[in-house]
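See structure below.
Order of writing sets the labels: A, B, C and D. Residues in every chain begin at 1.
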Amino acid sequence: MINTQEIRKQFPIINLNINRSNLIYFDNGATTQNPQNVIDTEKEYYEKMNANVHRGAHFLSSHATEKFEESRKSVQSFINAKSVKEIVFTKGTTESINLVANGFRSILKKDDEVLITEMEHHSNIVPWQICCKYAGAKLRVVPVKENGDLDMVSLKSMLNNKTKLVALTHISNALGTINPIEDICKLSHSFGAKILIDGAQAISHIKVDVQKLNVDFYCFSSHKMYGSTGVGVLYGKEELLNDLPPYQSGGEMIKDVSFEKTTYADLPYKFEAGTPNIAGVISLKSSIDFICKIGIDNIKNHENTLLNYATLELKKIKDLQILGTSKNKSGIISFNINSLHAYDIGVLLDKMGIAIRTGHHCAQPLMKRFNIAGTARISFAVYNTKDEIEKCIAAIKKSKKMLL
Amino acid sequence: MINTQEIRKQFPIINLNINRSNLIYFDNGATTQNPQNVIDTEKEYYEKMNANVHRGAHFLSSHATEKFEESRKSVQSFINAKSVKEIVFTKGTTESINLVANGFRSILKKDDEVLITEMEHHSNIVPWQICCKYAGAKLRVVPVKENGDLDMVSLKSMLNNKTKLVALTHISNALGTINPIEDICKLSHSFGAKILIDGAQAISHIKVDVQKLNVDFYCFSSHKMYGSTGVGVLYGKEELLNDLPPYQSGGEMIKDVSFEKTTYADLPYKFEAGTPNIAGVISLKSSIDFICKIGIDNIKNHENTLLNYATLELKKIKDLQILGTSKNKSGIISFNINSLHAYDIGVLLDKMGIAIRTGHHCAQPLMKRFNIAGTARISFAVYNTKDEIEKCIAAIKKSKKMLL
Amino acid sequence: MKKSISMIQSDIISEFSMFDDWTEKYEYLIELGKSVPKIKDDEKKDENLIKGCQSRVWLFVEKKEDYIIYTADSDAIITKGIIALLIRVFSYQKAEDIANSNLHFIDKIGLKEHLSITRANGMLSMLKQMKMYAIALSKTQK
Amino acid sequence: MKKSISMIQSDIISEFSMFDDWTEKYEYLIELGKSVPKIKDDEKKDENLIKGCQSRVWLFVEKKEDYIIYTADSDAIITKGIIALLIRVFSYQKAEDIANSNLHFIDKIGLKEHLSITRANGMLSMLKQMKMYAIALSKTQK
């Protein structure tokens, strides 16, 4: 068990007064809050060691570089990658996916196929649309079942030896569904397809072991794991990253530049052009420390308890439908109340100091699949409590009454 | 005149003890230090308003979005752009240039020409090499004169109606040369060529008025203007940005996504895929406030005084050669002492608590042009003082004695 | 004669000043929203759609003699409530008056957040659109 | 007989403990650097080059009987000084001993920063290269 009260004390924003009550923050799927140790690391960076990395002979620069690379090591061990060379820092999940999709433009041939799913976030759709269009490849979409599970039968039937890449989310940000990644990896690999996982919603909620899952690429964002905005990670198997052409170019990612011929640096620097988000990367280690101190499995259990409790209570509300009822779910609940617009619910909850997300959750195709404009979404993090859920349920009931 | 002592008090790192003396930070060309108001803004963001932008109905998200867009307004007025639509947030100068170079892949035709110069940073070379290779266009390089000035005669003779783009730096990070951008814009435009300026070294040192200069694109980084790492700006004229294809794709930059057809959001969002560096962008306004409170012309004059004084003193050291002696220089001094390796000088200065940069400054072609491996570089910011220069000169003399 | 824009704004402000808490205010807004006549679905054309990330707004403008008449609808009821207020202020006013108006009541009655640049709803765009149309008309009239 | 790696390390540590300040230490390093025999320019081939962002290092390895002999050069004198120390410790040792050695003297004499991952010089790569070569050799010998 975890000590939620102790954990909550570490989050300054949780004790913030919004609209005259304490903030109840249930929009963790969008971004998580940062504990004091992460905030302090950023601050200390600027107060004590701010310097450009990888280039300088002076003390500050060496120190910043060391801290920067320590963070890479920390990410490596957090996701159990084989080598630090497999950890590329980007500005977010979206950029990580774009980096790979851009590289696949020159890897894919005409009539090759890329599989995505109906439950993807726009960030794992549009890059592949552009990539496939460019390469003359075909983008195919694995359907989602009524309960929010991926349709595994369809997936199997759609895989074939033209499939070069399968790109899907570990956990759906709109449904909460946890996809069976290990199985899908095996399946995909059996057809010779590579696999990229959008781990944005998984990384701070369940254990991610890239070697055990045997994924080829894994993408996530620091701001969804109690860390800073503007930092992401691309994990890729070393040999695959080696085969991928460079993405952005400029300082840092080169070995030698001349007007005749430019050669690129080794991994991971080949993909890290320009001055990175140094403060953000360094504080990512503090985020990982925070998570590991509590233990990812403890976080998972805690959020699971919240999920079960909230689901039970929500179901008691008449005319409330939950979208996504997979047996294998993470702490995300999407719902609608009959004809009420999610936005109206969101506005009223906000008035009561409860932050939830409403809308299409950057998953318009999924909304279309379920024939809805959007949903109201509650999503949990380690600092949330049963008490907050109770307040939220009461607030939903009050909103419903006001709106009907 | 400015009150340097007052200004210095605002920079926590300046009073840091490195190697037992106060830090003398002369590596401002690489990155500048942040004043307390910028550090506090970042901290406050995470403590009081952290939320994803542009999407939420709740208070935190609205508040963060407002602050985020205020920052865009602040950048707009700082560089005197016509509209906030012309201000795109990126992760740095390097990404800003890559964004445009990527777009030009589909704009350039075979045999079109792109002009860059011999004094460019790798970030303004490699993206154009890749872009030209891709489009079958020709990359031509304007030479630099012995004193570090751009060879304007050559530039004129190289411009022709095949020239589609001129990409050059406002201020050379290795030489300090300030290029006559307004003239070069006029020239380039008279041939129908567009012009992109790498403003990384200019933005916090001289007044930049994009309308007066009449540049088409202007790129810079927050971390070189007393701001956070991981934030950059791309300014582009509205009609040109409209014509440029989107760069990264995903959340935020779309209008509508379906598997059949995806349409993109309006400027500037079309170019801002994924969750941005929200804290960094918001604190950029504090950096601009800091600069504007002192006044950019006052900063320029102060740095100019330092430049003149340091140049005078350095010239007194026997066998010391200054690289870059243009009449129109910014506060950057590159030098070598006969056969001594710049790295050795850098290491010894560091031991005396003085941070300078040594090496090729990501400008290998320029180093080749002058037939050297690298230089030692001193670069100034508003918090530097004459007293620091005196200490530095003494330290250089001591290093020279030790090494010879 | 129809009241002036600033008079209507004052009316609204004093009406809202009577609410004791946010609940009453929003209940009133919701009621207002329900009272806005619905636009038929087949009239909700794309060219009239003002799109926000969250709620959608359809805006129609017509001119009768010297006056501009706005009609609008939204799929969210609170958005409709605010729309009702905007229409009450602007509809049946002269283009010039709308163009020159200074809209402060939204702020005064504590609904500013709904007009923020968050793109979460279409309200700000709607307001801009209403004004732009009036500005365009007031210019062509001269 | 040549001293063992750990004995040489102890020697160096005690030598350095006599310096009063950084100036003396670096003066000594610079002297050491100057004493390293230069490698002729035409022997500095690319395959022997270990490239850092700042100073370059050329490393040569040969085997004489059971012993490994390192030769190295750099364009920066302080780098050469540290190279001299590394060669003093490793050269004329057995591959196995090098492979199993625990290099702590650099840290103890306060030169750790020169071996950081900053890529600013080629030192760390050089050290890795020296060890890797020895590891490879010690394995093939068995």
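The criterion applied here is as follows: contacts are C-beta pairs under 8 Å (C-beta built on N, C-alpha and C of every residue); 3 or more make two chains touch, one makes a residue touch a chain.
Just so you know, these numbers come straight off a predicted model, no measurement behind them.
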item	value
B-C compared against B-D, more contacting pairs	B-D
Centre distance in Å when chain B and chain C are each reduced to the mean of their C-alpha atoms	44
Whole-Å gap separating chain A and chain B, where each centre is the average of the chain's CA atoms	31
Whole-Å gap separating chain C and chain D, where each centre is the average of the chain's CA atoms	77
For chain B paired with chain D, centre-to-centre distance based on mean C-alpha positions, whole Å	38
Numbers and ranges of chain D residues touching at least 2 other chains	53-54, 120-121
Sites on chain A at which at least two other chains make contact	19, 55-57, 59, 61, 343, 346-347, 358-359
Interchain contacts, given as pairs of chains that touch	A-B, A-C, A-D, B-C, B-D
List of chain A residues in touch with chain B within their complex	12-13, 16, 18-19, 23, 25, 27, 30-31, 33-34, 38-39, 42-43, 46-52, 55-61, 91-95, 97-98, 121-127, 129-130, 139, 141, 221, 223, 228-232, 248-252, 254, 256-259, 262, 273-280, 343, 346-347, 349-350, 354-359, 362, 364-365, 368
Complex contacts: residues of chain B adjacent to chain D	19, 340-344, 346-348, 351, 358-360, 373-374, 402-403
Complex contacts: residues of chain D adjacent to chain A	51, 53-54, 113, 116-121
Residues of chain C defined as touching chain A within the complex	22-23, 26-27, 30, 53-55, 75-79, 114, 120-121
List of chain B residues in touch with chain C within their complex	53-57, 59, 61-62, 65-66, 69, 255
